[in-house]
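Both complexes shown next keep chain A, but they swap its partner, so chain B is in the first and chain C is in the second.
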Partner chain A sequence: MAPLGDQLVQDAVSLAEFVRSISGPCERRGGTFAHRTSSEKFFAYIEALADATQSYLSRRLQSTAKPRDLLQLRREIASLRISWRFLHQFVKPAIDADTLNLPDALVQGLSVRFREIPLFRETDFIFIHSDRFNYLNVTLAVFKRRADSISKCVSGPEFPPNLSIIGIPYSQSSSLFLNCLIPHEMGHYVFGELSLGIKFKGELESELLTRIDPGNPSNIGDIVELLAQWIEELFCDAFAVRLVGFCFSAAFAELFDLARLLDERGKYDTQKSRDGAEFAEYPPDLLRLRQQAMRLERDGWWNELKAIDSQYATSIVAAKELEDKDFVCPALFSEHSMDPVPVIQSFFKILPRVEIELEQATAGLTSSSRGWSAFSDGIASCLEHGVVPSSLRDEAGEPSDVVTLLNSAYRFYVQEMPKLMLHIAKADPASISDRMHWARRVELWTSKAIEDVLLLRRKRHPAA
Partner chain B sequence: MTVLSKKIIIARLGLPASEAKSLVITPLLDEDCFDEDSVDLRLGTHFLLPQIPPQPYFDQSGSRFASQTYLHLHAPLGDYFVLPAHQTVLGATLEFIKMPFDLSGEILTKSSVARSFMLIETAPWIHPFYRGCLTLEIANVSNTSILLYPGMPIGQLILLKTAIRRPPEKLAGSYVGPVYPEAPSPAPPREQLLGIGIDSYRKPGHGWVHEGAMRKEFHETMNALTDEHRESIRRLLKLLDRHGCFPGDTPIHKLLA
Partner chain C sequence: MLKTVGDSAGALSLALAARLAVKALSNLQDQSAPDNDLEATLQDVLASLDAIRTGGPLFAHLTPASNFEHFGQIQTLAEVNSAFRDQQLTERLRSIMTAAPDEAERERNIDFAIDFFTALEGRALQKYNQAANLGY
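This part shows the complex of A and B:
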C-alpha cells in the first residue's frame, strides 16, 4: 500500500474533484439564462466555499506530516465529503430554476409582499426545482448547520444571512395560480426563525399531560412531535392567507380536489371526509381549510368569498361550518394506542395560540383585502377584454398591488373565463384545449401586470 | 387618415379598458414619453433568438417550428442582451397596447436608435382593436455588436384615425394578447397553396408532390377493391408509416386517418 501521505493526496484530489463538479455549474451559469439575485448570491457562496475547500486541502497537505495528523486529516476529508454531498442536492435544482423556469413575476411580487413584514425586511428566497410534487421549504437550521460545518473547517464564507430556500415542483415552474401555494413555504421560514416549534411543543406537552395518563412516556413524545408538525402546517397556512388572501386557499382546494367531498347542497359530508383521515404528518385537509376560512374572515375576505361562484370558494365557505368534533375520528392515533378524544382536545386547546403567534409575527403587515374594493372589478373588466390590468389607478393615483391582482385574477379564472372567451372568435368555453389556452393567457396578463405594478410602485416610492 | 395629437391620445387613455374606443398603453413609466404626435415605447425583457436550425432550411410546415427555431431568453431590467453585428432577434415592447376599434397604429424605430444602425420593425402596422405587447423584429445592421438594455426607449407609436365606424363583434387573429415576443405560426405552404387551387408543390429533399392527383387516384383505386383488400392495404401502409417510411407531414397521413 502507498504511504499514508500519498493516500491522503489521492483522497484530497478526489474530494477537490467532487467539490469542483458541484461548483462548476455555478461558475459556468453566466450568459444564457438569468437568475434571481438571491440565487446569484447562493451561486457565489458555493463558488467561494469550493475555492476555500480546495485551498484548505492544499494548505493542510503541505503542513501535515505526522501519521496521527494525517489520520485526523483523513477524517476531516470524509466529513467534508458528507457535507458537500448534502449541498450537492441543491445546486443543480437552483441552476435549473432560472427566471424562465420560475413564475418569476409571482416570486418577485411575493418576495416584495413578504418584506413588508417589519421583522423580515431583509429576507429573500432562493427557489429550486423539486422532483417531488409537493412544495417544500428547506429547513434553514439544518441547511446552515451542514453548510457552516464546511465553512468552519475550511475557514470559508458563511451562508449569506436572511436567505432561505424554497422548492417548487418543476412541473409547476411556469404556472401562476397554483403557485399561490408558495406563501405557505415562506411561513415555514417564519416559523423556524421565530423558534415557534420549541414553544408549541412545550405547550402541547403540558396540555397533554393534564388530560391523559402518561403510561408510556415515549408515546407522549411522539404525539407531541406529530401535533407540533400539525401546528406548524396550520401556522403556515394561516400565514399564507394573511400574506396573499383567498387565492392561497383556492389553490389549496384546487390542488387537493377538496370539492370532491362536498355533497349536492355544497356541504361537507363529515363522515365521508373522515374516511381518509389517517395518522399522518399533515393535519386533515378539511381542518386546514377550516382554519384558513377563519383567517380569511378575520382579514375581511368573507363577503367577497361568499359571492364567488366557484367550487373552490364553496369548499372554503363550507369548511368554516365544520366543528372541532368533526375531526375526531377513531382511526386517528390508533397506531399509538391512544384515545383520540383527549389528544384532539389538547390540540384544539392550543390551536388559538397559532393566531396569536401569527399576529405577532406579521405585526405591521397591511391586510391582504385592502385593495380589493378599489380594483377587483376593474381588474376583472380588463381581463375580460384581453387587457393587462396594470393601468388602473385608485383615487390617490396609486396603481393596484400584487395581492389584489392575484386574488382578482384568481376570481376571474375560476368564475369568469367564459366571459373572456365570448369576446374571442372561434373560442369554445366548453373545449378543454381552448380553455387551457385562454387560462394561460390570463395567467400571462396577470404576471405582466404584477411586473408592471412593481415597476410603477418603485417609480412612485423609490425609498420603499 | 389623421395622426392623433398628444391631447387626444391622453383622452383615449383615460377611458375604461372595456370601452371599444379606449386606448391602453401600460405601464406608462415616464410622463415625458408623449411627443406631440407619438408615444415612446420601451424594450421588453424577453427575446427569441434565431438558432442554427437542425435541418438546412426553416421548415415552416414542421409542427415544432417555433421551439426548434428560436431560443427563448430573458434579460431582467438592469441586465443587457448582446445583439451581434448583422444578427436579428425577436423582442417585444415593455408596454402592452390595446388599440381602439377606430384607430390604426404604426411603430417606428426611434431616430436615436436608428442612427446606431439598429432597426426594430419590418411589419410596423398595428390593426384596430389589436391588443398585446408589440413583437419587434430587431436587426443590428451595423458592423459591431450592440447592447440592448430592456427598458430603454426603442420605438415610437403613431396613432391614426380610420374610417371604421363600428367595433367588430369578436376579437380575431392568432396573435391576441401576447406579452412576450411570439414566434410566427404560419400555415404550412401546402395549405396556403391549396387555398388558391394549387395542389402540386415541391418538397425539400423529396421532390414534387402532386397531392390532388394522388388523392384522386388513391380513392379510385381503393374503391375498386374489396373491403378485405382495402383493409390489408391500409394495414400495410400503417406498417410502413410506423417504421418511419413516410415523412412526418406527408399527405398520406390524411388518407390513412
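This part shows the complex of A and C:
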C-alpha cells in the first residue's frame, strides 16, 4: 500500500475534483439568463468557498506529516465531502431559478413588503426551484451556521449575512395566486433569526413537565420537538397573514382543498371534518386555518372576508368557530403511547405566545388591510374590463400597493371571473379551459400592476 | 408543503461542530487555554451531558448558539456518551478548560477529548447520511 501521505494526496485530489464539479455550474452560468442579485451573491459565495477548499487542502497536505494528524485530515476530508454534498442540492435549483423562471414581480413585491419590517430591512431572499411540490425555507439559522462551519474548516468566506433561501415548486414558476404561500417561508426565516425555536422548546418542555411525569425528560423529547414544529408552522402562517392578508389563507385553503371538509351548511363538523391522524409533522389543517382566521380578524380583514362569495373564504370563516377541544389528537396515544390530554393542554397553554412573538417580530409593519377600502373595488373594476390596474390613486395621490393588489385580484379570481368573461365574445364562464385562460390573464395583469406600482412607489419615495 | 430543510440539519451541523472542536483541540496542544469557540462548544456539550445524566430538562438551558437545539442531536450525544461510559467523560472534558498542574495528564485529556469529538462527528455523519438518503 502507498505511504499514508501519498494516499492523502489522492483523497485531497478526489475531494477537490468533487468540489469543482459542484461549483463549476456557478462559474459557467450566464449567457442569456439573468439572476436576482441575491442569487448572484450565492453563486459568488459557492465559487469562493470552492477556491478556499482547494487552497486549504494544499496547505494542509504540505504541513501535515504525523500519522495521527494525517488520519484526522482524512476524516476532515470525509466531512468536507458530505458538506459539499449538502451544498450540491442548492446549486442547480438556484441556477434554474433565473428571472424568467420565477414569478419575478411577485417575488420583488413580497421582498419589498418584507423589508418594511424594521427588524429585517436588510434581508434578501434567494429563490430556488424544488422538484417536489413543496414550498420550503432553507432555515438560515441552519444553513448559515452549517455553511460557516464548512468555511471555518477551510478558512473560507462567511455566508453573506441577511440572505435566506426559499424553494418554490418548479411548476409554479409563473403563477401568482398559489405563490401567495411564499410569505409563510419568509416566516421561517424570521422564526430562525429570532431563535424562537429554542425559546418555545424550553417553554413547551417546562409546561409538559408540570403535567406529565415522564420518569426521564428524554421520554418527552420527541413530543417537544414535534410540538415546537407545530408552533413554528403556526407562527409562519400567522406571519404570512400579517404580511399579505387573506390571499395567503385563500391560497392555503385552495391548495389543500379544505372546502372538502365543509358540510352542506358551510360549517366544519368537529367529528366528521377531522382528517388524518392529527399528530403528524404538521399541525392539523383546520387548526392552522383557525389560527389564520384569528389573525385575519385582528388585522381588520374579517368583514371583507365574510363578504367574499367563495368556498375558500367560507372555509376560513368556518374554521374560526372551532374550539381548542375540537383538536384531540388521538394518534398521540396510538402512535406514541401518551395520554393526549396533558400534551394538548400544554400546547394550547403555550400557543398564545405565538401572537406575542409575532407582534414583537413585526413591530412597525403597517396593516395588510390598509389599502383595501381605497383600492379594492377600483382594482376589481379594472380587471373586469381587462385593464392592468396600475393607474389608480388614492386621495393623497398615492398608487396602490402590492398587498392590496394581491388581495383584490384574489377576490376577483375566486368571485368575479364571470363578470370579466361576459365582456369577452365566446368566453364561457362554465368552460374549464376558458376560465383557466382568463384566470391566467388576471394573474398576468396583476403581475404587471405589481411591477408598475413598485416603480411608481420608488419614484415617489426614493428614500424608502 | 411548507417543509423546512432542518430535519437532517441537526446531524450535519453537529458533525461540523465536532470537527471544528477536534481541530481546535489539536491546536490546543500548543496553547495554554482553549479559545472562545472551543470553550463554548465544551460548555454546550457539558450542559447537555449533565441534563442527559441527571434526567434534568433537555432544552431549558440551551442558548441560540447551542449545537443541541434538536432532540435528534441530543440523542446522538446520548449514544456517544454511552460508548464513553465509565471513562469520566464530563470530568475530563471539564478539565480541559482549567489549568492543569500535570502537563502529561492534560495531554491525555486532550487526546481523550479528540477521540470523543471524533466519535461524535462520526455518529452524527452516519445519521445525516441516513436522514438525507445519501446512499451508495
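In this text, the second predicted complex is superposed on the first by the 431 of 464 C-alpha atoms of A that agree within 3 Å, B and C clash if a C-alpha of one lies under 4 Å from a C-alpha of the other, contacts with A are read in each partner's own complex, and residues count from 1 in each chain.
The rule we apply is simple: a contact is a pair of C-beta atoms (placed from the backbone, for glycine too) under 8 Å apart; a residue touches a chain by one contact, two chains touch by 3 or more.
Values in this document were obtained by computation on a predicted structure and should not be read as measured data.
Q: Between chain B and chain C, positioned on chain A by superposition, is the outcome a clash or a fit?
A: Aligned on chain A, chain C fits beside chain B.
Q: After the superposition on A, what does A:P342 contact: first (chain B), second (chain C), both or neither?
A: A:P342 sits against neither chain B nor chain C.
Q: Counting only touches as set out at the top, which of chain B and chain C does A:K448 meet: first, second, both, neither?
A: A:K448 sits against chain B, while chain C stays out of touch.
Q: Report, please, how wide the angle is at the C-alpha centre of chain A between chain B and chain C, in steps of 10 degrees.
A: So the angle at the centre of chain A is 140 degrees.
Q: One more residue to check, A:P418. First (chain B), second (chain C), both or neither?
A: So A:P418 meets neither chain B nor chain C here.
Q: Figure out whether A:V388 sits in contact with chain B (first) or chain C (second), or with both, or with neither.
A: In the superposition, A:V388 contacts chain B only.
Q: For the three-chain arrangement built by superposition, which of chain B and chain C touches the greater number of chain A residues?
A: Between chain B and chain C, C touches the greater number of residues in chain A.
Q: Thinking of the overlay built on chain A, is A:E205 touched by chain B (first), by chain C (second), by both, or by neither?
A: In the superposition, A:E205 touches chain C alone.
Q: Does the superposition put A:G300 against chain B (first), chain C (second), both, or neither?
A: Neither partner.
Q: When the two structures are overlaid on chain A, which partner does A:G24 contact: first (chain B), second (chain C), both, or neither?
A: neither
Q: Between chain B and chain C, report the minimum C-alpha distance in the superposition, expressed in whole angstrom.
A: Minimum over all C-alpha pairs: 28 Å.
Q: Using the superposition described at the top, list the residues of chain A that contact chain B and also contact chain C.
A: Touching chain B and chain C on chain A: no residues.
Q: Which part of chain C faces chain A closely enough to touch in the complex?
A: That would be residues 1-6, 9-10, 12-13, 15-17, 19-20, 22-23, 26, 51-52, 55-60, 62-64, 66, 69-72, 74-75, 78, 114, 118, 121-122, 125, 128-129, 132, 134 of chain C.
Q: Residues of chain B touching chain A in their complex?
A: Interface residues on the chain B side: 13, 16-18, 24-29, 71-77, 79, 96, 98, 131, 133, 170-172, 176-177, 179-180.
Q: Please output the residues of chain A touching chain C within their complex, sorted ascending.
A: 69, 72, 75-76, 78-79, 82-83, 85-86, 133-139, 141-143, 145-146, 149-150, 152-153, 181, 184-185, 188, 195, 197-198, 201-202, 204-206, 209, 215-218, 221-222, 224-225, 232-233, 236, 255, 282
Q: Across the complex, what residues on chain A touch chain B?
A: That would be residues 32-34, 98-100, 104, 378, 381-382, 384-391, 422-426, 441, 444-445, 447-448, 452-453, 455-456, 459 of chain A.
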